[in-house]
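Step one of this worksheet: look at the structure below.
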Amino acid sequence: MLWDWQFAFSILPQILAALKITISATFAGFLLALILGMLFMFLSRSRVQPVSVVVKWLVQFIRNTPLLVQLYFVFYVFPELGVSLSPFTAGVIGLGIHYSTYLSEVFRSGIDAVPKGQWEACRALNFTRSQTWWKIIIPQGIPPVIPVIGNYLISMFKDTPLLSAITLVEILQTAKIIGSGTFRYLESFTIVGVLFFLLSYPASKLVKYMENRWNPRY
Amino acid sequence: MTQTAQPMVQYSKVSKSYGDLKVLKQIDFEIGKGEKVVLIGPSGSGKTTLARLLMTLERPDSGTITVDGTPLWHEMVKGKLVKAGEKHLRKMRGNIGMVFQHFNLFPNMTVLKNVMEAPVSVLKTSKDEAREKAEAMLDRIGLLDKANSYPAKLSGGQKQRVAIARALVMNPRIMIFDEPTSALDPELVGEVLDVIKSIADNEEMTMLLITHEMDFALDIADRVAFFDGGTIVEQGPPQKIFYEPESPRLKAFLRRFSRSGLRSGGE
Amino acid sequence: MNSLDLFLSLIKNGLATTLSLTFLSAALAFVLGLLSGLARLSRYGILRAVSSVYVEFFRGTSLLVQLFWIYYVLPVLGFRIPSFQAGVLAIGLNFGAYFSEIVRSSILAVPKGQTEACVALNFSPRKRMTRVVFPQALLRMLPSLGNQMIELLKSTSLVSLIALGDLTYRANILNASTFQTTTIYSLLLLLYFLISLPITRGVKLAEQKLSAGRL
């Protein structure tokens, strides 16, 4: 057999150490995506025409262009404009911006699903806009879409290897370094593949479970 | 209506449950050749399930159903009676047609194609012959001018009439109507009932009709059976069932319809 | 080089690769998605099991990891696959798994009454699927398929990391030689966006054509 168990175990600690970077990049990026996504959602609903139109086109543009190219943009172009970023920061920003566009769509559909009558009741009760949003609309609109948001978190996790292209040493890059150093790609890449699967498959099952419990299909 | 010796449809000790819910309890029931039978009863009483078992949409848990002497859900394999396979079911189904409460027309086909599709795909009729027959059928129900429209553009009453045409064009010997007008606006009910009546005028057609249209039942039924709680509580000629009900449950059921249902007669 | 020259250079050297990669892997993904989606609805447990494993595995792992695995590891096991074919294979397999789910859920979403009408009319299971259920499922699939096509287009940029000469790779090369970073990457983003527009339009047109008169 080609597979060398001893070798596999010997490189495991190195790969797992890099996993920490992968996971922290995922969570940091997702946090940014949540915040920006909310922001984009509010802006796209703005009654100031130019604002909502510009935001809608911007969101569309970012959604339709590759994450990899956006990462290059943040990592290589920002310095030209005076902002120099570490690979980790650039990666988090790139992931955050890219996924914020997906999340803004998800938030929007969740909010749109709240019955119009709720808005009218709030107006009749003389709630302020802020109260309407935070006490009534968001608590109703967001929970049903949490499973979808969960799926995007898992997607982002699977996209972290792209950060290796801007020199962040996460698990794929670690595997590549090991591989090119020892000429043994089999164990290192397979371990990385399995690790991704072991983490994302149960996560997606959890999301599906949440979806069935909260949004049962009849 | 004269009853010929062998019934067209015979249910024998048929039971059906969904989980803990017993929907049909050891039902014995017959429909004679050319007989028009109407089933009435509250929702959940089992009448729809009885019809669906005949159309092979559901399998009975126990008991047998026979169609013109041949078992429906069982077949003879090497001299033994076993659960029927798909081939046997398809052979038997050819005699039975069904019209659904919610029409179930094919939205991806025009009205004409809806009526042509089954003869072409199932009976292997040639496209030309199928088209002729379909157009004749549509003409008969007064919808030939809608032949090239899609179902979405039709009213509920028109959709149901097309659904009836679609089922009839397959020449079934038994027609099942499962609450054909319950999903229609009141003013559209009449046109559908007219079509069903014209089918009932055919002496040879055996019909099983589930409906809340009591006047219509009075008009066309040879026999009415009242279902409640998974059993047949009372059955008989429509005059007797509607105007001289015996069982208290039937009386209670009919009282609910006295305001909107039966015209004149006895009140 | 001025912007126009850069733009033309990018197009001349990378566009063909990106476009052919997109089309070929999309074709592979459609075939795999269709077969696997139908297999998951099959009566035969073995078909369901095999395609479930395929779908869960390829959706549950990262595309870049899959790409690297095909390009770096398969040679070790005896299969040396050139970078273009590796790209088509990885993207096709990956998106085939996503398409499979779309096919499956669209077919399941066709109302039960349609199947019952087919039973009542004595259709064979095959005719039921080809004449009634699948045409309706196809219309439902289009929006999701359209979204996935855009994702597929974007994912072709990953092949630049296995040194395949697509738009992104060419942009990197151009950047290394001219250092006009901002212009190059801005143009690159613009190019991908421009390519995505006809795809979105095409899906919308298909939707309109299929639902003609129906709605």
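All chains are identified by letter, namely A, B and C, in their written order; residue positions are counted from 1 within each chain.
We adopt the following convention: a residue touches a chain if its C-beta (ideal position, glycine included) is under 8 Å from a C-beta of that chain, and two chains touch if they have at least 3 such contacts.
Everything numeric here is computed off the predicted structure, so don't read it as measured data.
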* **Graph class of chain-chain contacts, one of line, ring, star, complete, other** => line
* What is the chain whose Cα centroid lies farthest from the Cα centroid of subunit C? -> B
* Computed distance of Cα centres, subunit C from subunit B, in Å -> 47
* Could you give the separation in Å between the centres of subunit A and subunit B, each centre being the mean of its C-alpha atoms? => 54
* To do: Could you please state the distance in Å, as a whole number, between where the Cα atoms of subunit A are centred and where those of subunit C are centred?
  => 20
* **Sites on subunit C touched by subunit B in the complex** => 111, 113-114, 116-117, 119-124, 127, 131-132, 135-136, 139, 213-215
* In their complex, what parts of subunit C are in touch with subunit A? -> 56-57, 59-66, 68-69, 72-73, 76-77, 150, 153-158, 160-161, 168, 171-172, 175, 181-182, 185-186, 188-189, 192-193, 196-197, 200
* Asked: Where on subunit B does subunit C make contact in their complex?
  -> 55-57, 90, 93-94, 96-98, 100, 102, 104-108, 110, 117-118, 121-122, 149-150, 152-153, 163, 166-167, 170
* To do: Can you check the complex and tell me which residues of subunit A touch subunit C?
  => 2, 61, 63-70, 72-73, 76-77, 80-81, 158-162, 164-165, 172, 175-176, 179, 185-186, 189-190, 192-193, 196-197, 200-201, 204
